[in-house]
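Next, two complexes with chain A in common: one pairs it with chain B, the other with chain C.
Then we have the complex of A and B:
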């Protein structure tokens, strides 16, 4: 596998207040086997909080796909899916 | 998060001048046929939301006389500053129904044995056998726990009642209907029950409507932000200040500046008191602790520092500059409301959670705000007050030689620590300076925070390093 899974956490105030602050613990909560395959970064407001259709904050983007109502478990599950798909290809 | 959504919607209704429509909020948040994950139906959820909103408007839920009174009427009362009743925490009775009345419950591991040591040893005759299994009558049970220890099958379990468990002063208890009640004569407003209740059934009474009103008025409104803000939001301190200004506050003061004065004064006071032969002195900046001393620990009353708190110093500075301004303390604390009530210089108290929600309502994003502020001073050691141990550090920083100080930190006030403090005057220990924070971790873990305390600790550490 060449490229790491890119996880971008929205640090905009809307997301942060609605639970995004919790997601700052994502990196330390990553299971050991995933650590080397994931890159976590923060971002200013994605702009999704303004769009009615994007869902409910906090938002996270995993390889460009938006996850709404993000929590650590949800993100890790999604990373696993992405990685599994990568291996299949 | 539901509380944050409610506050945001309330602020938005005020800002849009649509307070008369807030009766719709519970309906919007729980549509009629929507599935409820943890409550029986949308109607129950709506009722809970209504009463939580009533608390956000500042009223005691228990004070309702007519169930048909709509939220918009309460909003009107709030705007006209009607008396909001005693106390600062209120129980949303609609939401308080799930906990067991007794702390002990018989599980299905009960074999219905012949010896029945549980029944034999129960001092209150509270155990009956129904269908071959023991059953505890919650009306009779006094939670002594003997049955649990006697059962050879470990079939009896202890089920905590979260709010009662964490209350350091036994101020909350169930009435005959099983609903919790707060005894204001005992309550120290620490807010631990509010954090502990998994049903969100305990709410701090908010002053947000009156704060919005003050911002809207032509009086100058001054925000006084507690040092712990440095662990609450993503962004630099300058950005936070500018975000608060974007909300409409005319001026932002750092309570850390007041904390500098508190530390100066407290350092001098400690030396003086020890020289006079006092055995020890405790800090006085945590209002829940100060209330706990007044209500539950008269034996150490004379040992508490007389130094004004950072909030009091800061408010005084604000009023000296402009006697007509209205001051709003913004912090993580519920008990500060009680302190503010005793201090004429503090007009309102707001939590970080309310501040964050207000930003959402007004669409202010901290990271988009400018970093530029002019700060005449940089209250570095005052900012340390944000976490447990920080006050001590700040006071000690004022001495050249600190060897005479034997300090102790009470990081979180619970039943045990209260007992310890009560015994302090008689104990043979050489502690002479005690810092007390009611919240474990200090202010950054208060009941009114907007950010996860673990993350807050890291954010604060990073922000204390940078200027």
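Then we have the complex of A and C:
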């Protein structure tokens, strides 16, 4: 696998007050076996908070897919899925 | 002071005598907007500690109020002497003062009483306007005499004034048996200005005071204070916050920012996104929040890019609490305040589109309306820190 899974955390106002502030711990919380396959970065407001259909903040994008009501556990599970899919392909 | 040929930067700084809880040197600065005037007073109360502070602050505020009202200096001085409480040990009431009255075109009047002389330093060296003697009242002897003088300041002139804690610093030491003395301070200033001709008033007052403190072996034997007035070319800053009301104005906003000559700050995630899109530059966001605020980001060409409303709220709170231009710590709000302090003319470009999501009653905190927070910040910057501030809505 050459490409890492790209995780973008929204640090916009809305996401931040809705729990996104905890997500800065994500990088440290990554299980050791995932660390080399994931790249975490921050982002200003994605704009999803203003689209009624996008769901509830905080938002995180994993390889471009929006995750709503994001928390660390949810993100890690999703990363696992993406990696598993990648291996299957 | 818009038509002024220069910006008048004023800053003051004090260190207390070792072991005292409060400073006996007091500064008062008043801005008379309608007349485009500034009056600054430094008063040194007799002795040190609380008693000196009472004398000093009474003197400074009375002098400032009288001079703002155009009272003659003699009447001002007499009124102060009559009002000051008498020291029980020394059976006298005494506080020195330096009054600096500046018009926006540079016309300056100075009154000195008991403090070391102030230095007027321009590009071509020290200026020594002729001083006139004025007796405090008709019974006054030679010890109760004031000096007054006037001059017209030019761009790059500085007025440096200080308390005797500065001139007496180091007194009794081998190198400075009589203290730093006026001549010593002058030489120091000249050398320093030769090396850093653009040094701000803010930095210069701190330099002078810390130098004097060092001469007292870091345990000041008296209150040590310095003030500087610097007639400078204004340092400009543009801070842009909030998306424009009409989407069509996005490009105009980005263009205004891009072409601005001075410091540029973006405050708000959506604003940052717009600028990044319009100017085709990446936004890089840090990963660590500092002081409980979302981390700041980086866009090439900008001095600071922060989150919006939470950061502005914190800036308001910090500005409200601050009593000087000394600010410690890190984080986006502190960083923004530092940018303000390093600027003279600050322009807010405020986007007026309402973020509907912020009105969501389910939010765990109440988010203030951007416009209102900006107004509060503007008022603090103008009234407390004497910045020239303008707001443009877009």
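Note that in this section the second predicted complex is superposed on the first by the 89 of 89 C-alpha atoms of A that agree within 3 Å, B and C clash if a C-alpha of one lies under 4 Å from a C-alpha of the other, contacts with A are read in each partner's own complex, and residues count from 1 in each chain.
Everything below uses one rule, namely that a residue touches a chain if its C-beta (ideal position, glycine included) is under 8 Å from a C-beta of that chain, and two chains touch if they have at least 3 such contacts.
Here the structure is a predicted model, which is why all the values come from computation and not from measurement.
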Worksheet item: What is the contact status of A:44 with respect to chain B (first) and chain C (second): first, second, both, or neither?
Response: both
Discussion item. One more residue to check, A:59. First (chain B), second (chain C), both or neither?
Written reply: neither
Worksheet entry | Partner chain(s) touched by A:78 [first = chain B, second = chain C, both, neither] | neither
Discussion item. I'd like to know which partner A:14 touches here: chain B for first, chain C for second, both or neither.
Written reply: both
Item to complete: Would you sort A:27 into first (chain B), second (chain C), both or neither based on which partner it touches?
Response: second
Fill in: chain A residues touched by each partner, larger count belonging to chain B or chain C
C
Fill in: On chain A, positions contacted by chain B and by chain C
11-14, 16-18, 21, 24, 42, 44-45
Worksheet item: What part of chain B is in contact with chain A in the complex they form?
Response: 1, 4-5, 233-235, 243, 353, 356-357, 359-360, 364-368, 450-452, 454-456, 458
Worksheet item: Quick one: in the complex, what on chain C touches chain A?
Response: 269-270, 272-273, 283-289, 292, 294-295, 297, 305, 307-310, 355-358, 360, 363-365, 367
Worksheet item: Okay, in this complex, where on chain A does chain B touch?
Response: 11-14, 16-19, 21-22, 24-25, 42, 44-45
Worksheet, complete the sentence: Residue set of chain A touching chain C in the complex reads 9, 11-14, 16-18, 21, 24, 27, 40-45, 47, 49-50
